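For reference, the structures are reproduced in the following blocks.
Each of the two complexes below includes subunit A, the first together with subunit B, the second together with subunit C.
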Partner chain A sequence: MPHTSTTPPAAQHHHNSLTRIGWRRLRRDRIGFAALCIVGAYLLLALAAWSGLVASHWQDEVAHPYAPPTLFAGTAPHHLELDAADIDAADRRATSAAALDSSGATGLSADEDPLAADLAAAQQQSAQYRSTGQARADSLPLGADQRGRDVLQKLLQGSATSLQVGITGALLALAIGTVLGALSGYFGGLLDDLLMWGYSVFTSVPDMLLLLAFAAVSGRGIGTVVLVMAFTSWTGTFRLMRAEFLKHKGREYVRAADAIGAGHGRRMFHHILPNVGHLLLVQFSMLTVALIKYEAILSFLGFGVGVTQVSWGAMLAEAPAELLQGYWWQMLAVTLCMSLLVTAFSLLADSLRDALDPKVK
Partner chain B sequence: MNPTPPLLSVRKLRVSFRDEHGHGAEAVKGISFDIPAGKTVALVGESGSGKSVTAMAITRLLPEHGCHIAADSEILFDGRNLLTASRRELRRLRGGDIAMVFQEPMSSLNPVYSVGEQIIETLMLHTRVGRKAAHQRAVALLKEVGLPTPDRKMSSYPHQLSGGQQQRVMIAMAIACEPKLLIADEPTTALDVTIQQQILQLLAGLQKKHGMAVLFISHDLALVGQFADEVVVMHHGNIHEHAPVQQIFEAPQDAYTKALLRCRPHLAQRPARLPVIKDFLGDSCYFEPPQRQRGYQADDRVILEVQGLCVDYHSRHGWFGGHECHRAVDGVSFTLMRGRTLGIVGESGSGKSTLGLALMRLQQASAGRVLFEDEDMLALTPRQLRDYKRRIQIVFQNPYASLNPRFSVAQILTEPMLLHGIGCDAAERLQLAGDWLEHVGLPRKALAKYPHEFSGGQRQRIAIARCLTMHPEILICDESVSALDVSVQAQVLNLLQSLQDELGLSYLFISHDLAVVKHLSDQVLVMQQGRCVELADADTLYAAPQHPYTRQLLDAIPQGWPHCIKPRVA
Partner chain C sequence: MLAYIVRRVWQMVPTLFGVMLLLFVLFNWVGGDPSYILAGKNLSAEALAGIRQQLGLDLPLPQQFLIFVRQVLTLDFGTSWSTQQPVSALLHSRIGPSLLLTGSILLLGTVLAIGIAALVAYLRGSVTDRLVTLIATCAMSVSALVYIIAGQYWLAFKGGWFPIMGWSDSTLDNLLHYLPLPLLLGVIVGLAPDIRFYRSCFVEELGHDYVRTARAKGLSEPVIMLKHVLRNAMIPVVTSLMMSLPYLMMGAMLLETFFGIPGMGKEVVMAVERSDFPVIKAITIYIALATMLFNLLTDIVYKLIDPRVQLH
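After this line comes the complex of A and B, so read on.
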């Protein structure tokens, strides 16, 4: 609007790109900046876990099964662990019961039993397989799971997996959505029609069904999960980018780029893309959140990461059985950890949108 | 002084805005003025002068957050201080006793309600009338503001009306409750000249008929001269001059007022260089430059010849629907001489901008030939076209939109050189970019800045510099100065003129402003609905227009105070 006189006084600082101004705005937004710090801390931890600096021994069984968190050692439900003495006692009770049984039809004598020799040998050898490792802990900071693995270590390792899946999946989805959306919006015409048809068909299938179908066909593993999620979640970005490119291609600065002789590719990715970059950043943070949750759901349903890996979803999948017995710590730890990250990521997305959008001031 | 107290008096109004760093900046610096009942007071100033802020302060429409009105400011309306009035009182006043008309009629009307609905709403909120009575009154109002078939227009939606009709509806809403004060904030800036004249006449008529007071806000002194009783000239939040309209035009006291009056191109004169504000605010006396003669000469060489150019727009209805064809440019022919300027004039929708785009092949032409030194540009393959593209360049209307906001000035200026292989390495290109920047009057250190750090006029200079980096021979200026303030417009026009003198550029100057076109053009082409209605040497065309449409356009130019057509030397 050329003739309004309400323009705010010009900024005092100089040589500032819009990106730098956005960064400064984000710094001033306390909640946004806190969220950024939290997300940053998660990323660092995940990086450390991924590179093996921390939580590389998450598979070690360091505590008694279901050892409670240290703080709740007194009040938590106790897991009854059967040691050798218990088994011997039970055995003895069983033999005496068998001996008492006058009919004698149930037992086999040592001569008649075909496995007797093997059993005796096994019993003799069992002495040398007795665990000689360090004593298992009675309690851990965040407790232990069914096999006595440290929940804290699992959590760290799980964060690394979940973030890795979420971020790579989001990046891949973003790349697919951006390229297709840019082509569709920029060129329009028949290409746009074709891509829009594809998009419509794709989105008419329920997301979860598509996700499970892909997952069922392609087997387990992190790579599969990432691909599956990227292939199902590019649609939102596609729609957004198509609309943006459609809008921007008619803008004067793009026409000006055409006038100075810039080709299609240059106009699309050198001129327009940086101007819709803030939307991509917001889209990225929202997609990451969504994919972290999707991963949890997939793993919970058993289509997720492999059995030799741990993720938040895989940990949650153990929760139903544990909760029945009253072992709440693993689920609580995962839930809190995940909620914090998801909330921080969402707040960050909000703040980013405010900070980077050149129009909102 | 006045026997009756004024309807509205503004006393020591001081408004400051706080930017995102918390730095305060004063937009209005303690101004005082009165609006007598039944009179028209015009508030004139350039962008940033604080005129719109003043209007918003009167209606209390300023944002509460980040905006501060000094405690001792007073705005008395009928004896009540509006600045301390309760929300209830304000709601009753706004739209009732005080009504407003804004610049953009399209965005001021709600697109999902019919116009009748919107007028009826205003009526029922402020007067105790039934729906039926309100409907009848709304029809009467639409008739009063001169809409054809008001009965049917009641049920139309804003997008079905033209810009002028929308503004008429806005005015109908504003006068619906017989306001005592009508605030019109640049009500005609978004409209074509002929429509502008009609709307002004309508406002003047209504003002007399209803005895309203009008606060008319505009950047254009010439417009105000036809209409206002008193003029308040604002600059940087201060009042520079407040006087009856006759005195403003005949004997302006303030240097800034004089400058404003003079820096706008005039139909009767064509100085070699337009005066700018600085000429008047400095100590030195301003000397009238010599007049410049215009017109094609016999020994001019042709650089561009356009023959029967047609451009069609196709719109599609649904996936399987048919195509609809709209001819935006219809058989336009002209020749442009080397080193000369051809002005293209027309109202919105006349196809003048489409013509410019088609010449650049930014828009596909459907018929005709564009001979650039005997080579048909429209027949070139994209590869051959690349070289020609360098030689014909365009400066767009909106300098806020035509520069990529994510690029620094250095990137903006070096990119065309990179694409066309000018300069052998990055360092040399940067050096050249700096040279061109200095050429258009900006400091070399501006290279590191980004477009948003510049004002509109500076951005337009950058856009011009971007074209110049490619050493073009033809420059198409598509409304290039229309979005600028008059003082900045004069500077950019002077720049264009000196570049033409120095580099021998040929201009196609597209504009809706006939005075600006006259100032710069040797020959003028008048377009109406895609057709060329008149093509003649500038002086001939303005002195003796042949086509009725040209005459209509010329009549609609705001003349200012009638005696001011020949301003005396200051």
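After this line comes the complex of A and C, so read on.
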């Protein structure tokens, strides 16, 4: 039933009942509801990370490089770290070997070496800093990366980034697709031809290639990635919305709205849009999953989030070099975290499609 | 039919024009002045002016666009900015490895996916069906990156069964030595979504009346599955297969990058890394052309295998 402005209480009731039926069906669907809870939990974590409540110190080097996860502290490969004493010992060996040669390691005596004074000052300063460094942990719940950063904190911050990119990118793509699709389907004619031409242009280039072409001219960073993804992935929504608006514009309730003097904009976005909104919800969850996967690949290739930001793709980019040395924990953590969210979102999309299908009683 | 093909080819002209316009706006307008990238560290006013003149950047924009249009029409995209090779020769040498890799992935993956999907659709509702669907759902959720990283590490580096990366000039050597692991990983990545999609096609066909009729007249199950259901279910399968052809060329991008295969996908990644605009533009035009042609071919094949379809 349409949502009309002349009879707000009744319209409100009908509009709500459509959503309410869907909600009731989703509650009854155990898998769908579980998926909704998981997605909700991720969103809460991401919100906490954005607001700085958790994982705001993910860049702190709190442990030894490649400190293993606590549970595997005994079995994990050992990282050989040289400390100051080792370096001094090596230095002494080098100087004693060089002492046979009268002129020292650099071939210059301390008087002749123009850098000797600077070097001595630098060594003094570095000794000062070394002493103020905090104690580093030997193991962490999920281990540490190359620089000794906590993988758990990185994972939380990375999840927040990936979700942010996926969700804002999907919302923006949805907005572009819906507005253009609505204009195209509702008005038809020359505008429709023009927009369909744009659609055919964007769909004749594969998504990934289009993403890379956009990435080639724009810089790195979360904002850029979101824009690039939105500009390249609006086409699916456009096609869907165009067909829906084409179908709905001749319906009686839209003609009735016309009769009571509702303008084009009001008919499109106040009357038709609520009736096709359930399709957008499904489209949104599918788009988010796709964009999260794309973001991982883009960041892995180095065209995604900036170097001071962390995302699942940026974490996976460190994985091949780590695996070679036997440090598997960062890759496993990212894989599990990402798979859980993607599975939950996909299952949620399936359940939403079933729950919001008006044909199913 | 001929009239239809001619009309469709004619319709490609505005689309191709649009792709050219999009690329032109991206690389000549949004992308900024590429002469700074090319000049590198020897930045001097003369060097910049020289590069601008060489690239035609000192010309007015409409004239620059005409040059680009001429490049597309003659399929001569000049020379690569980073290697100074002619772009057409570069791409010519890259298409072979890509086709070998993606072609074999498509072939093997489709045969396997159709076989498994037909089996689980036939056993629909059983434990096997649910198990396969569950595994496929979980397998789909893992990023392709993880399969490739893990496969390269365990199967090639740890196991030593495959070379870690590489490509040779001899096709036989490639087939026997360098292709198997990327092929295996490509098939694994694509298998899960394919099985799920093909299964739904088969299940839909199995619910139709003609299956009941065939059973009622006493046909054996293998005949029903292979002769009746398979042929009908092939319609959406072939359509999706044809649509994936141009996409597969880019889909192998990760595999080519990881395994050092000198194909189109790796070339795109390197071109983006080096801001090699002529190469990116050329590849995009070629792939867009391929996509349009394959879309037309899809519709024709669709008509050939399903006589009910009307082309208009």
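Simple rule for what comes next: the second predicted complex is superposed on the first by the 320 of 361 C-alpha atoms of A that agree within 3 Å, B and C clash if a C-alpha of one lies under 4 Å from a C-alpha of the other, contacts with A are read in each partner's own complex, and residues count from 1 in each chain.
Everything that follows uses one rule, which is that a contact is a pair of C-beta atoms (placed from the backbone, for glycine too) under 8 Å apart; a residue touches a chain by one contact, two chains touch by 3 or more.
Not measured: the values here are computed from a predicted model.
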| item | value |
| --- | --- |
| Touching partner for A:Ser346 - first (subunit B), second (subunit C), both, neither | second |
| Touching partner for A:Leu323 - first (subunit B), second (subunit C), both, neither | second |
| Which of subunit B and subunit C A:Arg255 touches, first, second, both or neither | first |
| Touched partner set for A:Cys337, first subunit B, second subunit C, both or neither | neither |
| Partner chain(s) touched by A:Val228 [first = subunit B, second = subunit C, both, neither] | neither |
| First (subunit B), second (subunit C), both or neither touched by A:Lys293 | second |
| Interface residues, subunit B side, partner subunit A - complex | 17, 19-21, 23, 25, 27, 45-53, 56, 103-104, 186, 189, 219, 319, 357, 360, 362, 386, 389-390, 393-394, 396-398, 401-406, 408, 415-416, 419-420, 448-450, 452-453, 456, 463, 466-467, 470, 482-485 |
| Subunit A residues within the subunit B interface of the complex | 1-12, 14-19, 25, 28, 193, 251-253, 255-262, 266, 271, 274-275, 277, 358, 361 |
| Contact footprint of subunit A on subunit C as seen in their complex | 14-16, 18-19, 21-23, 26-27, 30-32, 137-138, 140-146, 149-150, 152-153, 157, 246-247, 249-251, 253-254, 257, 268-269, 271-273, 275, 277, 280, 283-284, 287-288, 291-292, 295 |
| Residue numbers on subunit A that touch subunit C, as the complex places them | 197-198, 200-206, 208-210, 212-218, 293, 296-297, 300-303, 312-313, 316, 319-320, 323-324, 331, 335, 338-340, 342-343, 346-347 |
